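To start, the structure itself, in structure tokens.
For reference, chains read A, B, C and D in written order, and residue numbers begin at 1 within each chain.
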Amino acid sequence: MQRIGVFVCHCGSNIAATVDVKKVAEMALLEPGVVHAEDYQYMCSEAGQEKIIEAIREKNLTGVVVCSCSPRMHETTFRKAAEKAGLNPYMVEIANIREHCSWIHKDMEEATKKAVILTRAAIAKVNLNTPLKPGESRVTKRALVIGGGIAGIQTALDIADAGYEVDIVEREPSIGGRMSQLDKTFPTLDCSACILTPKMVEASAHEKINIYTYSEVEKVSGFVGDFTVDIRKKARYVDMDKCTGCGVCQEKCPSKKAPSEFNRGLNTRSAIYTPFAQAIPNVPVIDTDSCIKFKTGKCGVCSKVCQAGAIDYTQKDEIVSQKYGAIVVATGFDTIKLDNYDEYAYSQSKDVITSLELERIMNAAGPTKGHLERFSDGKAPKEMVFIQCVGSRCADDRGKPYCSKICCMYTAKHAMLIRDKYPDVNVTVFYIDVRTPGKNFDEFYRRAVEQYGVNYIKGQVGKVIPQPNGKLLVQGSDLLDNRQILKEADMVVLATAIEPNEGVRKIATMLTASIDTNNFLTEAHAKLRPVESPTAGIFLSGVCQGPKDIPETVAQAGAAAVKAIGLLAKDKLLTNPCTAQSDELLCNGCSTCANVCPYGAISYEDKEVNDHGIRETRRIAVVNSALCQGCGACTVTCPSGAMDLQGFSNRQILAEVDAICR
Amino acid sequence: MQELIKRAKELLEDGTVARVLGWKAGDLPYNPEPAYFDSTESLADFVYNGFCGANLSKYLIEASKLEGKTLVCLKPCDTYSFNQLLKEHRIDRDKAYVIGVGCKGKLDIERIRKMGIKGIEQISGAEMEDAADTLTISTIYGERSCKFADAMLERCHVCKGKEHQVYDELIGESKETKDADRFAEVARIEAMTPEEKFAFFQKELSKCIRCNACRNVCPACSCRKCVFDSNKFDSAQKANVDSFEEKMFHIIRAFHVAGRCTDCGECSRVCPQGIPLHLFNRKFIKDIDEFYGEYQAGMDVNAQSPLTDFTFGDVEPGIVGERG
Amino acid sequence: MSIEAKEEFRPKIVAFCCNWCSYAGADLAGSSRLGYPADVKIIRVPCSCRVNPMFILRAFEKGADGVIMCGCHPGDCHYSTGNYYARRRMTLLFSMLDYIGVENGRTRVEWVSAAEGVKFSTTMNEFVEKIHSLGKNVRLGDLRCRN
Amino acid sequence: MYKIAKENLTALFRLIAGAQELYLPVKTADQVNFGAWSEDAEVDLDTLKSVKSPKDAFFPQSENLYTCRKDGKKISIEPEALKEQNFVIFGMKACDVRGVEVLDKVFLADPVDTFYAARRDHGTIVSMACHEPEESCFCKVFGIDCAEPAADVATWMVADQLYWKPLTEKGEALTKIVESVLEAADNADEKSVEEEKAAIRGIVEKLPYSNLSLGGWNGEVLTEKFDSALWEELYKPCLACGTCTFVCPTCQCYDIKDYDTGHGVQRYRCWDSCMYSDFTMMAHGNNRTSQMQRFRQRFMHKLVYFPANNDGMYSCVGCGRCVEKCPAALNIVKVIKAFEKQGGEKA
């Protein structure tokens, strides 16, 4: 029989105002095994913890129930306190009488009754708890960064500077990401390439950094400290070692009709290409979908013109398998597809463009060499309309419910740059709200309005109608003046919502990292652990976690790096002891459990057992507790009940059920 | 049958197998029992007729532990169970020599009794060689007869087919006996109101005496120790004062074998109280087929069982209510 | 009518919540002060795939009037695939309970993320209301637990 | 002797049930078992054997012994009340009546099982002769005459008449209660009952198991039978289910278990089966570790141990239920025959 102590927390008045804490303690004393019960103002305080420690020592407690806030909040705190008193930390259970009780009920009698029952369930569970001991696992001192944009580059640099090996995996032929497509950056208006390129070079030159471009993560196994990742290096058909990056092949390539991904399809590129001039590595890839050699077997021009002999049509995808201790996800974002926003005529008119397309147009290396012109007729626009929140802050499922965060600022930037370069162009911005929290952000926006005369109209655009004269009729409303607005524009720019890159769901699944309904990776705690995934050893960098601008991204990238470094600096990790275990006398060796284990933690052994005098060799499931994460899928699939989960055993959960239904 | 005995003798003599697992003639016309034969002489008692309904595949769990191969006689439906046991590593393929025996449908003595036939002395028409579709039964109270099909086990009316799923050799002809829809009865119950459903199962399960015959005969219930025998769930294997546990037992048992049950029908055959236990298993099979695509346990050893598998687009549990 | 019959029916409801999403969702409902009846008592499990059908039947045996299981949204499982297995298991189990005549409304599965405090509270309110409309569970359960 | 027309039996049952509980063969979901009589119960007196024996009437499959209630840290114990209500069990066959005599030897011997004794005191047995015995019957082997069953009242169903013959005081008392629907039997009636008895005995002679020999089975042969190599062969098809024990009219083993009601514990007993792996499981383990040992126990008990302790009375009554119900077609007859055959071979 356990000797259980019950500690009821008032949480100031958070609990005590609705739950009669004295009564809870009093009722707890009637439960089997309970030898001590008390209540206190703040159990999580130093003094509160001291009370627990004291009681454990004085009354020889073998189990502790703390009736307090959610175990997600203070379970660790109380476990540590118990450990201090010499009690196994897993002999502590929490009855959540705050979030699940006092905060949601108003009637004191009812809330108290429920608190008593929740406490009873926790006591019933503790009665069946057994001391658990965490195992140990080693840490591979190498990190993987998925994504080679500014977030990934910064994280990799920070980790590498701390002295650990880092691999970057980038899907595109070059690192650089979204930032490399931008022209200028707010609020300082410095050139994006000028600040990004040195970082790209630094990363590629860093002796601790190894970059896999044109590569994707294929498979992830293992767990924190000991991941094994298969990386698919897609065939470039160009030998990385031989290529000098002279660019002749791209010049001579007869197939030049492929839309340029980098320029958002605004112009074309050759079949063999580097996405942009400063690409790192400066080694082209062959796009087999547009390559004549691959399509018809005839051509081979690039191979003929390459003096280095770097072209290799026989190249195959290659799988590299590597071990890592930590993985940082920095997969970034893309703009949403505008299929649901046909009213803005994006698909009907070439002069309706997205902001990211405008970035390319404004860029000196872009499709128009930096000249602002209409794609329909090449004419310079006179009247430009910007529409904000296209797909952002959307109440229905056409778009995204969240604010994309960066649009207000980049639109102010665009408007300002256009007014600066082309003072004759009128710029009108339709907005719902202008959001400019951030250092020097509001000043920046006000400059656009006050100094550059950008016309901001609070109101939404209902429709953009292409006119026979080539103009675009913008139908909007001015909410402040409460009037309808009809405006003829030459170009319309849509501040398109951003969303996590496609493929992030696949990566999250491989990593067993959780992801929200908008495909943003979930952080371990929204406030307190914003750069960690709930899955141990997985860290989040950049927009994959939520919309953010460059300075925020870089800050978060550094934070993720620090977390990863913190992990890599350890030689050994303690593993979660709440793992599955197979009772060898009950196990049938049927392999059903291994079928549902997401971690490959279950294997089978032929083992000699002594089943009440019957000695025989049996096929038996064995759980690798370093791999097991304790989900419990196996325990339910096991028909004989041989598989059980420590800390959440069948008997423990049944005891809770019984206690609640009593 | 003679061919089967001859072949069994040959295999015993040439040392291919160490024993034969088949049926031994009973002392009444209808009660042959599963038996091992380890010599050619002992095969004198070997019998294979219409009353050899027992599915012998489960005995192979023990036989797999013995020295040498065991020749086992499996009917087409038994081979599904054999495969399922193989898949679950409960039996050793190398320890078994499977003779797929023909089947013309197996007889249910309870059905014959229910026709009011009693004092049975002899039954003719039940041998594999008999071509007639009538059973002639001589009793103390005079001669009676009945149609073979009317005396067949329920499972034979919904037979999965004449094909053996696994065998080393085949002996004997099989006959198509299917003449009913396997899910008709399940569908009939599904269409009832909750009150009627409850009354139906309440009545059937009120007869349960927790003898565990259904479980112990079941090839899918091959656990070394059943959860109802272990103390992990505090659930008793014996009859309880309140009848709830019978319900719990049958639901959990059906759940544990869901996706693994081959629908061999042994549970219903052996129930001393004639509870149509297959209705539980078949409900799961019907649901699995409807929700996750058709699946026959024991057909493909390598197929992923529906309960250890999923698709992203699986139906939500709410479908149960929506289906109405 | 006797006095007892007029006594308000307070159902016993057991909610199994996975640690990562639904339990956190319930916490959020709490910190957002989104109320639901005290009849609901939550049991924390690591994942919805830890919920054994036996637990659900046991709850009914011991007198529960309704059992609800909450887990991460499909695709969002902390253990990546747990809720997919749970979904199949519960679909089949609930279908079986329906088949033997247990009112379908007494069992429910709801996917609630850590961010869906509102959903958690709404779901529980709805579920309790449903159980109220069904009344006391008399089809499952051991009579010995009642007196 | 009295008689009553078959068509008036409902009136008889109504009369009995008016004064006390009445249990008789009732058909539920196509199976006949002993159950409580009610106006809408489907009484079935034509089916020879109920699936379960009627021993439940005296020794129920499960029954509460006492209830512990927990109130805070206080525990109160309330023993289950003994049977106080008189009841009648109607339609027991001769073998089942002998089955009760076997149970008496166990439960009424010192120490007396009070639950059982109370039920015996309050129960009146109305037996019925076996109109058409079946091939699985072998009561004759144990000296039971199914044409002339013992009991408090014996009855015979001949054509459309039920003949009623009180044999004990309890029987007379019951007869008084139902007198109003009974008619006195005359000589012709006596004669037709005698003819029925003769007919039954004639059929019994023809039954395949009637000449089964129990030679070699008695309390003296313990070691010889126990050590026989035959068991190792005989048990093989056994599935270790409890069918044979649960349909048996004489199996008397029970287990005692506790049920957690949430607010206390109910201690109950339930039939156990020697076929079950936890049979006689004790803290140190199980003294019969193999199914062979458990299988052997059943037959040694019925044919050797029990007669050794009860003046030669076998604890098998030849009802043949196990013969009919064993999923693996094993049964006591096959065991007896196997030993006889082996004995024959030896000789």
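Heads up, the rule we're going with is that a contact is a pair of C-beta atoms (placed from the backbone, for glycine too) under 8 Å apart; a residue touches a chain by one contact, two chains touch by 3 or more.
This one's a predicted model, so the numbers in the text were calculated from it and none came from an experiment.
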item	value
Touching subunit A and also subunit C, the following chains	B, D
Pair joined by more contacting C-beta pairs (B-C or A-B)	B-C
Identity of the chain that, by mean CA position, is farthest from subunit D	A
Chain closest to the assembly centre - both centres taken as Cα means	C
Interchain centroid distance [CA atoms averaged], subunit B/subunit C, Å	36
Centroid distance [mean C-alpha coordinates] between subunit B and subunit A, Å	52
Chain centre separation in whole Å, for subunit D relative to subunit B (CA means)	30
Centre-to-centre distance between subunit D and subunit A (centres being mean Cα positions), rounded to whole Å	71
Two or more partner chains touched - positions in subunit D	259-260, 262-263, 266
Junction residues of subunit C, two or more chains touched	53-54, 58, 62-63, 75, 81, 85, 89, 142, 144-145
Where subunit A touches two or more other chains at once, by residue number	596, 637, 650, 654, 658, 661-662
Touch-based graph of the chains, sorted into line, ring, star, complete or other	complete
Subunit B to subunit D touching residues, read off their complex	26-28, 31-36, 54, 59, 109, 114, 118-121, 139-141, 203-204, 206-207, 209-213, 215-217, 225, 229, 234, 236-241, 266, 269-270, 272-275
Parts of subunit D lying in touch with subunit C, wherever the complex brings them together	259, 261-263, 266
In the complex with subunit D, residue positions of subunit A that touch it	30, 612-614, 658, 661-662
Residues on subunit A engaged by subunit B in the complex (per definition of touch)	585-592, 595-596, 604, 611, 616, 619, 637, 639-641, 644, 650-651, 654
Residues of subunit D defined as touching subunit B within the complex	28-31, 33, 48, 51-52, 61-64, 132-136, 203, 206-208, 236-237, 239-243, 245-247, 255, 257, 259-260, 266, 268, 270-273, 276-278, 323-325, 327-330, 333-334, 337
